[in-house]
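What follows is a single structure, and I will ask about it in a moment.
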Amino acid sequence: MGVARYWREIPARYNLIGKKCEICGKVYFPPRTICPKCRRKSIGKMQDYKLSGKGTVESYTIIYTPPPEFEGKAPYAIALIKMEEGCYLTGQIVDCKLDEIHIGMKVEACFRRIQEDGKRGAIYYGYKFRKAES
Amino acid sequence: MAAIVGYGAYVPRYRIKVEEIAGIWGRQAKSISSGLNVFEKSVPGIDEDTATISVEAARRAVKAAKINPEEIGAIYVGSESHPYAVKPTATIVAEAIGATPELTAADYEFACKAGTAGMQNCIALVESKMIKYGMAIGADVAQAAPGDALEYTAAAGGAAYIIGKEGIAEINETVSFTTDTPDFWRREGQPYPGHGERFTGEPAYFRHVGTAAKMLMERVGSRPSDYDYAIFHQPNGKFPIRIARKLGFEKKQIEHGLLCPIIGNTYSGSAMLGLAAVLDIAKPGQRILMVSYGSGAGSDAFDITVTDAIESYPRQGIRQMIEEKEYVDYATYMKFRREFE
Amino acid sequence: MREVAVIGIGMTEFGELWQKSFRELVAEAGVKAILDAGIEGEDIDAMYIGGMSTGRFIGQEHVGSLALEVAGLEDLHIPATRVEAACASGGVAMHQGYIAVASGMYDIVVVGGAEKMTDVVGGEATNILASAADREWESFFGATFPGLYALMARYHMHHHGTTQEQLAMVAVKNHHNGSLNPKAQFRREISVEDVLNSPIVAEPLHLLDCSPITDGAAAAILAPVDIARKYTDKIIKIKASVQACDTLSFHSRSRFDSLPAAVHAAKKAYEMAGVKPSDIDVAEVHDCFTIAEIIAIEDLGFVEKGKGGKATEEGLTALDGQIPVNTSGGLKAKGHPVGATGVAQINEIVMQLRGEADKRQVKGATIGLTHNVGGSGGTAVVHILEAI
């Protein structure tokens, strides 16, 4: 992966900066340029919006056969997470026993290594999730 | 002088027991544990490194201090395990806490005292009015060669301090004592450090920590009994107790800040995590002495007085965080350390 | 719009075809279909070929031109276009061919689909297939393709009570069907225990819940119905050809226990064909994972939402059931050379409607349906065919 491709997503990947449609108020993450509800009215009206990082597990899986970039990391948990703001995203759940994970579990974002471009390339950081402290 | 505006600490949730490591190498766990006064150490998760630990600590500090991260004018991350040899950890932290782009940032390396060196720099920048707030972080995912004596103690964790004009604790004075003493090192390109074994004791740790502490007390005209708490760098659980006794401190002054027996040596995070544990329980008016130590070698000593503002500060509960743990076996430890990759 | 018929079909054997290159596969399927239709090269007006990731599987893009060359038709200079919609590439190629003929632009069109997946190692294939998902927001974080379907499976199990055994029964049924298909990659029966005891790929999906890595190609010849009579008596009319799309990422969808694009495509296809789900005699659905077939039979209206697991358990979709599904063995047993799948599904339905499906023949089948999905549901293509 060229570094530019990683670098331009840093705000969203580090700090969960999504978009909020000024017209209807809906929050989108991953960020979108056009609100699918307001469409042309939303052009130029999609504002940066930082998610709280809190969400709920809607579904999850434990990956045992990872792609090459995640070799040596399996098994790891991937979840479909509904964020407090109403949008959904896909992320790993860390720092708990894999059998503790369940649908309805409250989680919060944390900052972790996601992958790296081999031993000599850049390290890509971003969000993962852990059991919510409160 | 300047003050601590806020602090945040982070220790990964995984632990390995000394007996688990000793078992692998056919050593007597009891004698190692009692010899080092270390029973278990923290282990970073497979996706944790100095940058992620620094970010976790920094975010906790910013949240608790309730400051606008854009007002942080400097970030220094001290570590001897930066994820990159060239490319700063500090910029990752700056971006992840929302402090970019108007600030200065750099990574420091001075074995285990790079974090306190960052604190001194922040104090200077605040004092000179170059910045409003500065952030100094000490964090490590300490390396140890499998089978080496260091393996029982080399741990992971970090603490972040926001330095400003006023805050929860006044920094009354800081001094440093530095010489060229090669007691511990890691050569460029080498994965594990080397050390001078018993040479790391008297001519290194004890001489530098002891001298820095005495210099500081002389400078401010204090005696050991003037301090409610003292924190000395914790390469193991024994050295800080010995230096405390030698300097005339009592056990009760150092026990709360002594985390090494339960998390191991977090290197650049060590003294700064100890200070965080003390600030978690300190009351207004209490006085704290902290002395860091970095091999190579040098010590930074700080004289700190807790202010009334600490009453309304959301304490971190670093000891509770340490209690939230999960034990791993040696093979998992090696996997988490990415030794198999 | 003109009525369109399938006048010829052809496909290679599916499997790990170590000896055969991508171009040999394309040539073999294409030639078989051309011979089956009884057309001459000069009759062909255009070609559409589905391929998901030829660029990464064999390092070759521009496979439209390649297909023309391997067919030996370069002197005709007819347009040959590669079509890509992940695992729905073949279905979308069919849809493009249908549009081209129905519109009156072309008369005879060759539709093909091919994928050569075993020229890369397993991990690389996993990575390539993950590009059918959202690279920036799903696979970047470690979500694999089986992982996304595992999220669907867990969600379906949680909300509808679908069981791990019911998932396994899809594989068991499809392996049984595959055992009757000489072109299938897996021609052996398996048991529910075999599925449950196979290694976990992405919990709750086991290895035998997943379709395999497969080499293969398939082709079909399309013509307007009135011209078709010139070539064959066994005219299989395309009563509906519908493609529908949705978000690339699974997490952005409006539902997680259904593929809204497939529901939409099915609804429109039934309208276009003027038939109801109960009119379908046989169906080939996109069972890239066992959960996908359960969701598919619900989305297609064969059963109510949430009842797909139970219906499978009760044998509704078995070869002798009310609506036999995946008589070919499906993606699970026949194999899933991603770009070829949509066209291979057409092959099976045409065989069924012609009465040429031998041991797996559904008696008296006159209306058949194909359901081809790209990614985790970003694209869905439904075709309804009828023997006239």
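Just so it is clear, A, B and C label the chains in written order, and each chain counts residues from 1 on its own.
Heads up, the rule we're going with is that a contact is a pair of C-beta atoms (placed from the backbone, for glycine too) under 8 Å apart; a residue touches a chain by one contact, two chains touch by 3 or more.
These figures come from a predicted structure and were not determined experimentally.
Undergrad: Whose Cα centre is nearest the centre of all Cα atoms in view?
TA: A
Undergrad: If you tally the C-beta contacts for A-B and for A-C, which one comes out higher?
TA: Pair with the higher count of C-beta contacts: A-C.
Undergrad: Could you work out how far the Cα centre of subunit B sits from that of subunit C, in whole Å?
TA: 59
Undergrad: As a quick test, compute the distance in whole Å between the mean CA positions of subunit A and subunit C.
TA: The mean C-alpha positions of subunit A and subunit C differ by 31 Å.
Undergrad: Give me the residue numbers in subunit A that touch at least two other chains, ranges are fine.
TA: Each of 73, 92, 114, 128 in subunit A touches at least two other chains.
Undergrad: Which of the residues in subunit C come into contact with subunit A in the complex?
TA: Result: residues 123-124, 126-127, 130, 134, 136-144, 146-147, 150-155, 158, 199-205, 249-252, 256 of subunit C touch subunit A.
Undergrad: Would you pull the subunit A residues touching subunit C in the complex into a rising list?
TA: Within the complex, subunit A touches subunit C at residues 9, 30, 58-71, 73, 76, 78-81, 88-92, 103, 114-115, 124, 126, 128.
Undergrad: Which subunit A residues qualify as touching subunit B in the complex?
TA: On the subunit A side, the touching residues are 10, 14-15, 72-73, 92, 94-95, 97, 110-114, 119, 123, 125, 128.
Undergrad: Okay, in this complex, where on subunit B does subunit A touch?
TA: 13, 45-49, 51-52, 55-56, 59, 83-84, 92, 95-96, 98, 326, 335, 338, 340-341
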